[in-house]
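One chain, chain A, links the two complexes that follow: it is found with chain B in the first and with chain C in the second.
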Partner chain A sequence: MSEYKLETKEAIALMVNLLCNKLFVLAPFYLKQIAGNTALIVTATFYLVAFTLWSICSKMNDIDKDLLDITTNHILRKFLGSIIALSITVVTILTLRQYAEGIKVMALQNTPINLIIVVFGVAMLSGAFLGLKSIGKTNGFFVPLIFIVTLILVFATFKRKDLVNLFPVFGNGFGNIATSSIIMLSMLFEVTILFMLPSVLKAPGDFQKIGRYTFLWSGICFISVGGIYSISSPGHQSVQSYEPFFRLIKQIEFGNFLQRFDSFFLILYCISAFLYLSAMLYFGANIFAKTFDIKKSKRLILPIGLIISFTSAVNFLEEYMFYIVGKSNYILWIIAFAIPLTILLISKLRSTE
Partner chain B sequence: MKKIALVLLTLLIILTTSSCYDSTEVDDMIYVLAIGVDFAENGYYEYTFQSAVPLNISSGVETGFASSEESVTLQNIKVSAPNLYSAIDTTNQKVTKEINISHCKLIVFSKKLAQSNLENQLKAVVQNTNLRPLVYVAIADGLAQDYLNNISSPFELSPARYYESFFNKDYSPQSFVAQLYDFEKNKIVAVPLIEEDNKITTSIIKEYTQIGTLDNDETVALNILTGRFKSGYLTVDKSLPAIRLNHDKMPNITVDTGSKHPIIHFDLSFYGTPTSIINNKEEYDEVVKMYIENLCKNLLIKSSKEFKADITNIEKFVKIKFLTQKDFEKFNWDDKYQNAEFDVNVKYRTIR
Partner chain C sequence: MNKLFKILKNFILYSVKDENPKFQFDPEEADTQSTPSKDITVKQSIEENLSNVKDYFNFGISGDIKIREFKISGVKAFILFIEGMVNTDFIDQNILKPLMLHSHEKPTKDTVLDTLITHNQAITSGEFKKIASSVNFGDCAIFVDNVDVAIICDVKTWDRRGIDAPLTDAVIMGPHEGFNENFKINTALVRKIIRDENLIIENLSVGAQSKTPCAFMYMKNIANDELVEELKKRINNISCDYIYQVSELEQFIEDSSFSLVPQMLKTERPDKTAESLIEGKIAVILQGSPFALVLPITISEFFTTVEDKNLRFPYSNMIRIIRLLGILASILLPGFYISILNFHHEMIPTNLLFAIEATREAIPFSALTELIIMEISFDLIREASIRVPSPVGSTLGIIGGLIIGQAAVSANVVSPISIIIVALAGIGSFATPDYSVSFGFRLSRYFYTFLGSIFGFLGLSLGIFINISILCNVNSLGVSMMKSLDNDENDNIFRYLFSYPIWKRELRHSYLHAKHQRVQQHISRKWAK
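Right, the complex of A and B next:
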């Protein structure tokens, strides 16, 4: 991988953005659709489950090795690397499409979607091409800013929210909370990249600290948004917006003079998208290169980036994106949590033997 | 060489992707301030887009008076269309500038339309990202276009300001504020009903259809029971001085679901100041208490027996008692409410 090593703070910022960016796109929509008024409980539950799984994994992990380094079996390593790189690519394709469609709906209604995808694609490619140093530094600078402003915006929508909407407290029942929590685990698919971080850290000893802080900060963000959605309307809304966060921000009103914070949100949205997409492309290319022992991973960025951009632009996604994103939620948690846990368990058992 | 190539590439990207598609010149836009919706023929709707005429308003603002008696500050454009979006397109054909609804302050429906069904209309506007959730919603007693045609106020030069002031009277206990956002939140929404001479009463919309109306006293009771009442003048008896009533605490609502019919308890707390000297304070306090109790009880009985709808949204307090949505649905609150008993307990003190 790159010679530059990420500082601990940069790594935390990078991971928080990777995990939380989904709040800006379709995560709140699915959260409300799946969990209804139990969105808060579901968010807290799946975060707790994710943190527990990650803690178990991190305790079993040698601190300076990523998931691929741990996998000693040649075939298994290639298989694992391919699965991770492929799923990162697919998730990036879907997220790029969601970002592009989102900005088209929210602001650029007359601009062709393909042009928007090109703009995001160019940002993604240039960010990834400039390398880990640029990704680390920009994330380290912008993510705390995005985090604070997002929380301020979320809490500014508290007016006219009703805590009574949290009831009936178990919504559609325990079964629904449990299944929703497992499905929503897929929202944290980017944890996969956390498992790949040790080899690019300046201080690999801080790996567990990075994980803890990542879950803490992203958890605050997710739970705040989950909470707001739980109390914003009773149960399942009959009228739902496909841009729920944007709709939420539009409700901010302090007198007649402090309104229209949506423009701030659009700035955050774009910065977060650029940071997310370039980081995902960079790590996708690097994991692919590492899996197949390709020395210069930079050469993979352009082809993979173009594949992502062009696939995002195909008309097929226009019709089936909601369906694909909805269905992928049933699978991604396996790649993010179940596979790493199994690999680490096997590796731990082998080393004990 | 590499640097020059990078600079050229950056310039190329900036120039080609700076989104001219969505550039909007203020001068090329007609900013709609209010939308009126009426029934038209052939299953179509008659949309009235009301926009400000900025030149006439700005000259008025500078001088402190409307620019001239003939100059109009508002322009209404009417079109027949199957829905709002087609109406916008049709309007764009008719006028020299492009219609923009992002500054819309009010959507007003005709009473006839509200009595029929507003579902398609409201769901369409909720999905529209240009319209804000804070847009006011109202019902016109006659036609919505007639209401918009007759808008005039000597107190406001800016029409946008007029709507903000007129429909956001949270200081007036006789009017109820309704915004688009309320339809996302609740099944039953109370909406201002504008009658002749700008008299406002309240229309009750249940599942997008008007099920009844409330007069001014009932609107005051609705504001009291929903915790929106802040203060206002009340005439409890013609022989007694009017009272400046202030709410003390938010209403405390508890529901007893144990018995055959639910019993709903309202604990309301007020303090007030009579507008002139009263002789017997205790007696006066009792009269005020009884008046508020009756006012609220009458509304609650009307809602359960006549409207058969939980207009004060007591449902949310019932939900607290259930663990799951299934249990709550089994309880069948909508039916139970129709036989509910109401216990309104008012605490009142005269402070001067």
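Right, the complex of A and C next:
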């Protein structure tokens, strides 16, 4: 039986979910914390920067080769693969913990966090274990739904917005915004997976189209949510909130019957998390296997999945989550954008020589 | 005294005398060597053939094997058939009478076949295996001295059910013809609808011992050859002794045996089968089974009925939406209810919440226990009402549904809201058009209830995610069951879920890769130009 390859639409849905899922956890909080009232401008700026960087990279990329295929040097390939697989694992650990803590705050206050992590772990392992076909098709099915409902929910809160916040005080000026924007590129760390996609695409020629649509749809989502969150409430409130998106949704009041839409939002939140975690685990294991020439990446899914779940359950993360996520933002953009750009540039120069 | 005691003992307790020890079956010592299959051919000598036939068919042991010896112009001959499976009048009038009375020369294969037997379906065979297979299926075989083949005539007839209205695919507007247990009649019913020479009905047989006849149907000019060959390969490569029903055949040829969702459509309707064939699918009919297996399919086929096409499209869409809600309720409603009750009280208005809590105040069980008790009771009533005779069935429904339900509420065993939830879920499962898939939904309802009671919406989401992920890996003859949700440009999800006006249904579903994608012209209503 031939190996399943992702359809173009499935790949776009997968990437949109990978890039946008952070909006459901800490992304709006960090945007607001770092950029204050300029969050909307920062979001738009870093998206533009990210898209430009990706466009440069994609122009240099051979359409049917992923980042590891391009790296011909044996040692460099192993180093690059290890760095990417490791960073995917670390990001997955942190995101899993954030999702689990989020759901505990939102609905399951009496349930132990470790039990919640087990549930996420089970979903992550099952999704990844069922393979690329299942990942592609579930993303293709759920992501458009999640995307539409998220935008409806966000715009449903519009009556609470203070449009005065659209005219930010620039503070230390444009330079500061630009610096923040570069750090914010780390929020799009999952672009790394986009660079690994060509080898699993049914139509590798659609690689650039996938990237364009990914940035378009995720950009709409990011800018809407980030922007509306940043103008929704006074700065001091929004930077204190732990579950920013959830707090945003809680502002919706429709009629007398279904009083709280935030509970419905939990289903979107969980399914988006499951899709994200299973895809990250699958690609993490796949990249690891490809780096070290392991034939069956499926065998790595269980051990890596267990490592991610157990590490997420470590209490240490509860105290230092904000600190670790904040610091990781200084590194992840290098892996997501700087390294691919450098490798592709070298590869391009070599090929022209 | 001793004698009297013995007489009394024999009178009260009858026992086999000691000199006739009881039969003890010892599996280890039992002879398990089966009789080797016989590979005999028809010989010139009629005596030899008669002896072989008697031996082959266990004549004398099997009481229904009949051999009638006679002479054709003085030459010895005999006819072999099975009593009860053949039309004896037909044999007398069209076979024996011409052979015995109208023959005036020494019989040969050609004279018998060409000038004597006045029957439209007569063939010859020299192999006993083939002769036996035909005779076992209601044909008769004629052996003539000095002729080294037997003449086989199709004279089968047996009592069968008439063409009744289908039980599982009932409709109000639409034909009321359903398949019965005779596969020749079933294929004829399909042929009656599709009057096209491209409709191929291949005769196969399944089961080494049962040799169950099987009709393999497809449209030669529409169905994808790869799908046809794959299914034929699967059927021809079944190695088992007996297959009686299409449900058994289904298990032999399906892609995923452990899936909760069936991967083939079982229908009793010739019109649905014909429509599927025109669409580019393949159908299999088995002798003895009033169902046709249709494949490949996608998950959306379980939500549609034939009636949808017989109704005006706005009505059928409305019914489809209600049906979808019913199906969702049948799977998720108890889990949803228990999630809200245990974790997400804020979702429902305070007054309703107080009302629910008030009805549950005197109940000694947890909401989960209550629901499980009700679910099991509901399934028990449903199962029992199928097993009992139909007049008692309705009584059982009344006793089970009304009296026990009312008594359970009065006794504070369950709350009225639980009964409403379980009843709605049950009604939702009855709204599922396909009988076999509703079992999958019923089973998954228990899982969702457990998950919802432990983790609330997180648990429900986990169930939905895993269920759909698994479903994405389930194939029907190599086609993904979730193909209908793929959102192809020409074949999007709305085409599967909703009904369109008939003149808008221009293309076949893309997953079938039919030889002709177009069902009708772009402008099919030419008068509207």
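Please note the rule applied: the second predicted complex is superposed on the first by the 335 of 353 C-alpha atoms of A that agree within 3 Å, B and C clash if a C-alpha of one lies under 4 Å from a C-alpha of the other, contacts with A are read in each partner's own complex, and residues count from 1 in each chain.
By our rule, a residue touches a chain if its C-beta (ideal position, glycine included) is under 8 Å from a C-beta of that chain, and two chains touch if they have at least 3 such contacts.
Quick caveat, the model's predicted, so the values are computed rather than measured.
Once the two complexes are laid over each other on the shared chain, residue contacts for A:A107 go to chain B and to chain C alike. In the superposed model, A:G211 lies in contact with neither chain B nor chain C.
Look at A:L130: by the touch rule set out above, it reaches chain C but stays clear of chain B. Look at A:Q251: by the touch rule set out above, it reaches chain B but stays clear of chain C. Of the two partner chains, neither chain B nor chain C is touched by A:P340. In the superposed model, A:V122 lies in contact with both chain B and chain C. In the superposition on chain A, A:P28 contacts neither chain B nor chain C.
Within chain A, the residues touched by chain B in the first complex and by chain C in the second are 107-108, 111, 119, 122, 256, 259. Partner chain B is touched in their complex by these residues of chain A: 36-37, 105-112, 115, 118-119, 122, 160, 162, 164-165, 167-173, 232-235, 237-239, 241-243, 246-247, 250-251, 253, 256, 259.
Put simply, chain A touches chain C in their complex at residues 7, 9, 103, 107-108, 111, 116, 119, 122-123, 126-127, 130-131, 133-134, 137-138, 140-142, 144, 256-260, 262-264, 266-267, 270-271, 274-275, 278. On the side of chain B, the complex with chain A involves touching residues 13, 17, 19, 21-22, 122-123, 126-127, 129, 132-134, 164, 181, 183-187, 315-317, 319-320, 322-328. Put simply, chain C touches chain A in their complex at residues 340, 343-344, 346-349, 455-462, 464-466, 468-470, 472-473, 480, 482, 485-487.
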